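See structure below.
So that you can tell them apart, the chains are marked A, B, C, D, E and F in the order they are listed, and the count of residues begins at 1 in each.
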Amino acid sequence: MHLNIVNPNTSAAMTRIIAEAAARVARPGTTIRTVESEFGPESIEGPYDDAFAVPGLLARIAEGETAGADAHVIACFDDTGLDAARALANAPVVGIGAAAFHMASLIVHRFAVVTTLERSIPVIETNLLRYGLERRCARVRAADVPVLELNQPGSNACAQIGAEIERALREDAAEAIVLGCAGMAASAAALAREFGVPVVEGVAASVTLAEGLAAQGLTTAKRGAYAKPIPKTYSGVFARFSPKP
Amino acid sequence: MHLNIVNPNTSAAMTRIIAEAAARVARPGTTIRTVESEFGPESIEGPYDDAFAVPGLLARIAEGETAGADAHVIACFDDTGLDAARALANAPVVGIGAAAFHMASLIVHRFAVVTTLERSIPVIETNLLRYGLERRCARVRAADVPVLELNQPGSNACAQIGAEIERALREDAAEAIVLGCAGMAASAAALAREFGVPVVEGVAASVTLAEGLAAQGLTTAKRGAYAKPIPKTYSGVFARFSPKP
Amino acid sequence: MHLNIVNPNTSAAMTRIIAEAAARVARPGTTIRTVESEFGPESIEGPYDDAFAVPGLLARIAEGETAGADAHVIACFDDTGLDAARALANAPVVGIGAAAFHMASLIVHRFAVVTTLERSIPVIETNLLRYGLERRCARVRAADVPVLELNQPGSNACAQIGAEIERALREDAAEAIVLGCAGMAASAAALAREFGVPVVEGVAASVTLAEGLAAQGLTTAKRGAYAKPIPKTYSGVFARFSPKP
Amino acid sequence: MHLNIVNPNTSAAMTRIIAEAAARVARPGTTIRTVESEFGPESIEGPYDDAFAVPGLLARIAEGETAGADAHVIACFDDTGLDAARALANAPVVGIGAAAFHMASLIVHRFAVVTTLERSIPVIETNLLRYGLERRCARVRAADVPVLELNQPGSNACAQIGAEIERALREDAAEAIVLGCAGMAASAAALAREFGVPVVEGVAASVTLAEGLAAQGLTTAKRGAYAKPIPKTYSGVFARFSPKP
Amino acid sequence: MHLNIVNPNTSAAMTRIIAEAAARVARPGTTIRTVESEFGPESIEGPYDDAFAVPGLLARIAEGETAGADAHVIACFDDTGLDAARALANAPVVGIGAAAFHMASLIVHRFAVVTTLERSIPVIETNLLRYGLERRCARVRAADVPVLELNQPGSNACAQIGAEIERALREDAAEAIVLGCAGMAASAAALAREFGVPVVEGVAASVTLAEGLAAQGLTTAKRGAYAKPIPKTYSGVFARFSPKP
Amino acid sequence: MHLNIVNPNTSAAMTRIIAEAAARVARPGTTIRTVESEFGPESIEGPYDDAFAVPGLLARIAEGETAGADAHVIACFDDTGLDAARALANAPVVGIGAAAFHMASLIVHRFAVVTTLERSIPVIETNLLRYGLERRCARVRAADVPVLELNQPGSNACAQIGAEIERALREDAAEAIVLGCAGMAASAAALAREFGVPVVEGVAASVTLAEGLAAQGLTTAKRGAYAKPIPKTYSGVFARFSPKP
């Protein structure tokens, strides 16, 4: 089985974290390409960054389709470009935010999300609403940590995330925690031990979902929402992305 | 990895169908015990049958826990006894209805469910509402086929299910079909080919989700909804199920 | 008019409390049988207990049907086994949780529920969602009191319930309180006086609803959700519960 | 026990129908005053009529309070003036629409409403949404019969209502029918027999709910939504309605 | 373009505040009639006042229709009588509450409302639900200020409103504030400066929406909810309001 | 007042239609720049086109901000890039889809949308859900007309749109119609005359809303969802879009 995991920002450091998180859970026979976008934002913090991350992401999804990927993963917790990627791909496409929400829904009545910045809360809340899982989430919280500081030595990120988890458990009656950023993937196991509750991390969740969809032979529905793009001309820097007949 | 799949009715024929569907998608290293309940209804059609299926199911879940199962599957599309099983188990518990809904949500905007009998529609609608996925389901339809006729030679079941799928595609704008009974598991691939849309079948969906949860090391949250049962005395035929300290 | 009130646990002490609460509001001409389950859990605290309470409850519902009850009451605030009981019975079946929510909805914009243990909150929240009344409930709170301590001399239960009511009034803008356990029935009047707001207690609510449904000649709909169980064989200890043609 | 039933239009003929429907279900000891408004619209068909029905209704509610009514009923299916009446009264106030919805919710998964005119559908849909019961209603249908023709000899009303019930059962999977106008009260029993499903009629439903609330000693919450009106001056024809200190 | 702005209470002082707020945003060519009700409550605080404000309001709406108004505004934040006014009018009718909610929805993910008295919170919450914008509102808060004290010299109203805005920004993550009373119109600009967030005020919002609807040539739909009232006889003090053929 | 209207595809023909629709409703003093994207898809049909339309759109929004626009309009019914544009801009940003939904909500209980292609239905449904207006929309329908054929001589587009409107009025009880594509702007008046119901067209709706927001001095909230993008490096073709400090 072959997975195409796309980090839709351009940070190679984050790609490494994602690749490691994926490797921890992947089946023995699964081969994984983990790759960042060739162009676009160096990190994704809010809807403006999201917008400029999508074309680079779609280029990587297209490469994966051509290479025969059995499933794709979008490794940004905002699920950046998810609908466009599904329209492009025949193989299933899993966003790490969606993956974490769906997985958490199978082990709790209500979970809480701890993400990086306050501006990401509305993006995540809107995704929960779209997926239908908003009632399963007690609250989306922000630890007030910029994405690129998450894994920097000497950063206070871990302590701030822990403090927010503690509040989610005490104030929101959360039964499990969903970590709201790909960059937090390396911390899930330690946080689960520290707080004694399940901690769901989207990269791992999405890898197992992608494997599962592929094992079932399921592909993205090509009727309705994710119908194949209609052939037409894109101009300028996007000419090469024009849908072909 | 070891999975404990429980068919909560007493039909060994249906257990065989479930075991075959599970085997088709399971990872090479996964060992699976598929077993029906020792006592209870021979098939589950509506909430009265559901009620009497739960104790037998929980006995099998308890056996699986003792045997060290990494995850449990409840192989009835009603997700019979799901909350009780989660309260009992430390390992994650996946219902095949929930599994199918979550998996379908990853490949469509809206799916339709085709189940056996009209009386099961409210059960399924209520589950969709509880899980949060009611907006993702265009409609729950019944093919008017008793469960035990599904796989009988000479039955008209297949034609009736096909007719209902055809209506779901034409009238409900469904982008994929979810088959609403464990007994339909063997037909999923053929129906997908016939109608040219993804057909999601809950046994396969739940096996891959159970494997995925176990691969992530996730267990049922033991805080809140699924806290360990409080030790107390059950009397009569249920004495042996009394929660122990 | 004849009512069949079933306490779905095996505690005769709780049956007495329920019978007294029922007697306080019943019409002069109403005869009431209040009875606990013959077998099952001694108290119901969470979904595992719920599951083992249902068969014993259904036995009592069946007895009531045979005896010509005009309506049935399920006297556990979780509304344990409500759908199964409705499928079994022709007479209407009222759960004390549902009864309290519906009654409270007629005298407030928003109420709060005060129940016993935290693990019961998700059960109650899910019921509110199923009934449609989740927006009418400001919050479900737990007083952290085991069910069987509620009426024990020297227990701190009353003070803890009062403290939680006080919080519901101050923090949740609740306009009335719903007591979330049959065992609290005896305290409703005193709490209403103490806090100066309506306090709705499910046993009284359900008795008057059951009387009302019977007075209108309404019976459980036998089309769709609560259709008569299909004749089939139940095996083992449940053989005697097999639906008959 | 004393009930104050107000028909908020000025039609004495409709008051008689309401009084008869109330008498059929009331307890032996209940005394009932059924009275139409002294001024206002002769029938209520849509929101403009609703608006002019409220002051006359509130005058009758005030009379009932003064006379010591244990509960009030607003006998228009739109639940005209319900919030204002609750603000005015200490005794509980039940609208026949709300009463029918709540009662039907206790015997079905989904009901359908059959009302008179299309313009009443949005009013009823909005009430269902406010009460929280919109998911319990499969559809609100109009039989296209003016209110005052409902009980006229030679009218085609009965046939049209029957045709709409037939559609609700066939197309909406309704398990029971709610009759959406006080003027249909006399037909409920016959329609239930004709169609073989429960038919809920709001006058009977509200009388038993009003009796039930009174039997429990419940009164309208006076905190929040239904707080006592603040003393102030009303001018012109409404001077006499000015809230007193 | 001609607008008919109706203050549905009888306070001329509040009419002046409304007229000034309207004048600040109206287009050069717009002529505006701002008028209070001739009879009814001197201020509107809760549903009882609402009920008695509607007939006087509808008289003013009818005058505006006759005078050829291009649009009507109901200048009470409860949107008192909105449905009745729409049934009466052909020109569009905008409530200042609805206007503020819709406008705020265009510049934020979530806003908070700060109104006068606690009893108005349920009215506003119910309106948000009816309009569909309840998820766009983080919370409705009350500053505990009677309406008629809002603009009195020496009143503490401003400080209390400011304190509540401060809480909405800190506790509710509100991105903008909606002022929940026509009487607060004069304070919007100063509060926006003080707190550095957009402050939406309903009178200004409704004037620009009314102008916009008229500029598009849009009128109230006369099919369904707002169909023309059916000719019939109103009696007593409302005789003059009887719908004419 | 200065408006910046961006057609986020590259079709100059559609820009002309949009400019004419805007001119029909704009205030005398309003100056409008209507411009298509410099690069990207020639039409927007589904989420893949949406993704590649956003960068070109944002370039035009940035130009408008620099030029001092008082408000921006995104003239694609999908509201392509709305959140990103709001994060970028201080002036308010109105999408023509959102504008049409909000305006229609002020004149009906329920509207229907008629758009071009089936694949756009899920996009529009998701937007309605995000805005909160999903209950105000009876149904989103597709006329099965490619966007670029809408205004071609000899196309059957008008007839197909008319047929779908007719179905919306008959089957969905729609009280008004919302036209679901900027390219339909020129037809609104004729369709309103033909079908005798209000027909809301998004370009006109958004122009008047943009003017209204500007007249009130309202700007996009810069707290939470639409906070100013954080300065960082975008690489490749997007380097020039990097958020500046």
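Everything below uses one rule, namely that a contact is a pair of C-beta atoms (placed from the backbone, for glycine too) under 8 Å apart; a residue touches a chain by one contact, two chains touch by 3 or more.
Please read these numbers as outputs of a predicted model, since none were measured by experiment.
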item	value
Chains in simultaneous contact with subunit B and subunit F	A, D
Subunit E and subunit D - chains in contact with each	C, F
Chain whose average C-alpha position is farthest from subunit E's own	B
Separation of subunit C from subunit F, taking each centre as the mean of its C-alpha atoms, in whole Å	51
Separation of mean Cα positions, subunit C and subunit B [Å, integer]	29
Between subunit E and subunit A, distance of the C-alpha-averaged centres to the nearest whole Å	43
Where subunit B touches two or more other chains, by residue	86, 109-110, 118, 121-122, 126, 129, 135, 173, 224-226
All chain pairs that touch each other	A-B, A-C, A-E, A-F, B-C, B-D, B-F, C-D, C-E, D-E, D-F, E-F
Residue ranges of subunit F in contact with subunit B within the complex	118, 121-122, 125-126, 129
Partner subunit B, residues of subunit D touching it in the complex	109-110, 135, 173
Residues of subunit F touching subunit E in the complex	25, 27-29, 86, 92, 94, 98, 102-103, 105-110, 131-136, 169, 173, 175-176, 189, 192, 197-198, 200-201, 204-205, 208-209, 211-213, 215-221, 223-226
Touch list for subunit D against partner subunit E, complex	10, 38-43, 45-52, 54-56, 58, 81, 83-84, 86-88, 118-119, 121-123, 126, 129-130, 146, 224-227, 229-230, 232-238, 241, 243
